[in-house]
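This is the structure, below, for whatever I ask next.
Chain nomenclature is as follows: A, B and C, assigned in order of appearance, with residue numbering initiated at 1 for each chain independently.
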Amino acid sequence: MEQSGWSQMGDVAIRLENVTKSFDGASGAAVDNLSLDIENGSIIALLGPSGCGKTTTLRMINRLIEPTSGKIEINGVDVMSQSPQELRRGIGYVIQQVGLFPHRTIASNIATVPKMLGWDKSRSAERVEELTTLVGLDHEMLDRYPDELSGGQQQRVGVARALAADPPVLLMDEPFGAVDPIVRGRLQDELLALQTQVSKTIVLVTHDVDEALRVADKIALMNVGGVIEQLATPDELMRAPANDFVRSFVGEDRGLRRLALNAVSALRFHQGPVVSADATFDEAEHAMALEGSDWLGITIDEIFAGWARADDVRAARANGTELRDVERFEPIAQVEPTSTLRAAMELIMSSNSSVAVINDGGRFGGVITLEDIRRALSSADIETADGTA
Amino acid sequence: MSSAPIPSLIAEATNPIIRWEWVVEEWDQVWDAIVEHLILTMLAMLMGLVVSAILAAIALRFRWTMTPITATTSLIYTLPSVALFALLAPVFGNLSRWTAVLPLAAYTLLILVTNIVAGFQAVPASVRDAADGMGMSPMRRVWSVDLPLAVPYILTGIRIAAVSTVGLVTVAAIIGQGGLGRLIFSGLRRAFWTPMTVGASLSIALALVIDALIILVGLWLVPWQRRRKAATR
Amino acid sequence: MIGAMAAARPSQTAVPRDIGFFEWFFDPDTWTGPDGILASLVDTVVLCAAVTLVAVAVSVPTAALLAHLRRAEVSSTWLVSISRAVPTFAIAALLVPWSLERGWGFEPWPIFIALFLLAVVPIYLNTYTAIRQQPEGTVEAARALGYSERSILTKVEFALASSLILAGIRVAAIQVVATEPIRAFLGGDGLGRYVRDGFGQNNNTLVIGGIVLIGGLAALTGLTFVALERLVLPNGVRRLARQQGDKTP
């Protein structure tokens, strides 16, 4: 996966410098002296409770709201240096209720900005087809009208419409809030998949911690007045909350949430009470003793072949049976390197065993115990679920 | 009730409700009446639309004016038509079309203003926001987004206004302007029922035809409301 | 025969052409007598009241029943669309020959029926809407408490709906009063006669008098109903109706 956020480190796509917004008649500023740099090609989540100014901040980037003071630059260019319309045509904008034009077909909706920019018909049509495939929409939908589509489909169109003119920046305001959790999860995954293909700078406003954790490269946790309480990667936010506000916003189950963020592959290899079928009985005894385990795992040609009871092993030794012929039981708890730690823990707890076997494409990849998981979470250097550090 | 029917008139009532030969003979007269009726209706509608559009624009831009505008137009609406026509007769004179068109237009204001304003207010805020966010200039947005979405409401207003105007045009006959209303009166004056029946039924028919026509125009202009929502995920 | 009809109408007012308005208006003779203002006023009021009462008697129970049973939605919607379009004059004119044919004369049936149709629409619509739009919760709660269906209709739904219904009756009454003057042009009398005779005799005083009387009565009707509503309805109900969006003018 292209790690665009890091290969162009220091490449700032959006810069907010001392941005303040006060509304007439309101007591405090909605956004007070906010400064933030957003890296090119990254997804940043503006996360916070309602009223914290995250939407206001977003809407200042494309000047739907004009800042009272401060400067905003996109790719080094001051947003005030163009007309608002020109600016917005170069920025994708996706909102919660989607806002598709009911009186135009899906195809026509998607082609809105290209049409405004004067693209010729064939180029527009081609682009519409391209985007429809990209967002995973059935091409049949193109001639339909918005009210014929489900919520999830509508939002896909919304995203396609925002990307039509291939803007470098995408602004999203609670884009998946209006659909049910199953569809929401799907759309979030698709956004991540999309990002690997198009690599945009995405600013996502959300009040949903899980959404931010799942989708964002960086999270800006905001408090009332547009104050950034912490700017960090999802894992960092969970592992080391900066203050009480962050702690309470993120929730008591930070540890559990981190489990969902990290994969089995992040753990160091742990052999466990497992030996090859060709090993000696001494080696087998040694492995079991080391782990304090009543079971022995046996691999044959590097493939995990099952668990054997300690008593059965000793009995076999006593009456001269081969190690490889001892009765074995199928492992119930198996995970893959890409499984989350949470899934592994779930499996261990529900399958009444204390270890899970890692099945790395058929080969034995080590074991996991609850202790392994706990130890990993408390260490500072852990890789995130998608492999980036 | 006061005026007792005159015996001679009752005798005359053997006069059939409608004598078709008359219709054929006097078709020119009937046709002129229809055309005149249509002209008055269209002039009144046009004037009403122009004024209503202006008032609606004001009401949409300056929210506080909505109440006084609604109050005034409804007050006008409740003015008795006979009184209003009679009032304006000496002003423009009986021979001018405007004596009738002005009050007729005034009666359309309430429904037209109400519906135009409602139409624009019905444009979902999210659609407007999305349009602005994509870089549409305000003018462009009003023209290509707000207006098409307001059309169903506006057309309903036009439909109701047109149909009720057709009905009111007949009353304008009391001041000598009135298309089919004049047929009614000429029949009444002569105790000859055919023109009366013809005038009255044609004005009702005209109203129904205009109603149907506008509905058809609506269906043609608003294809996106014709389709039903699919239940796919 | 034509001349006979014109001349034999007993309702013609004999007034000198150049009399001033105030002179005419404040002359007691103008008010008294079978052709006087009072008589015409009574004539008009009686007709309008009768029409309104019959319209109420017919529309309110029908609408209430249909709304409570949740029936007839489509026809009610259709009624909304033609609600302002009843061509009263044309209908009345059409009914005149029919009425004469049956020996009933020019009055009262043509104008009565035409005005009745006019009045029915707002009364029916408001009653239907008022009862149909009752929040389901209120009705369900009443049912759960053990009210009989009839009790629900009368005690719960009706009380809440009364404001809208009364507003509908007000609209109907005003429209009837405002439209009634056409009767004078269809062989009848009432307050419209002054405008009719004023035109016929080219007498502006009569015309102005007619306008004043007609307009005055319409205004009076409106005010009467507003006062009536204020008296009859408890404050809470009126506030509730306004919240529910009583948009009748």
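Observations on the model:
Everything below uses one rule, namely that a contact is a pair of C-beta atoms (placed from the backbone, for glycine too) under 8 Å apart; a residue touches a chain by one contact, two chains touch by 3 or more.
Fair warning: this is a prediction, and the values are worked out from it, not measured in the lab.
Judged by touch alone, the chains other than subunit B, held in their current positions, sort into A | C. Chain B has its Cα centroid nearest to the centroid of all protein Cα atoms in the structure. The largest tally of C-beta contacts between two chains is found for B-C.
Once the centre of each chain is set as its mean CA position, subunit A and subunit C turn out to be 68 Å apart. Put simply, the C-alpha centre of subunit A and that of subunit B have 60 angstrom between them. The distance from the centre of subunit B to the centre of subunit C, with each centre set as the mean of the Cα atoms, comes to 21 Å. Against subunit A, in their complex, subunit B makes its touches with residues 124, 126-137, 145, 148-149, 222-224, 227-233.
The part of subunit A that touches subunit B in the complex is made up of residues 62, 64, 84-90, 93, 95-104, 112-113, 116, 144-150, 152-153, 158, 161-162, 171, 183.
Considering their complex, residues 1-2, 4-6, 8-11, 34, 39, 43, 47, 81-91, 93-94, 96-98, 100-101, 103-108, 174-175, 177-182, 184-189, 192, 195-196, 198-199, 204, 207, 210-211, 214-215, 218, 222, 249 of subunit C touch subunit B. Contact residues of subunit B toward subunit C in the complex are 1-6, 8-10, 12-13, 15, 17, 70, 74, 77-83, 86-87, 89-90, 110-111, 156, 159-161, 163-164, 166-168, 170-171, 174-175, 180-181, 184-185, 188-191, 193, 196-197, 199-201, 203-204, 207, 211.
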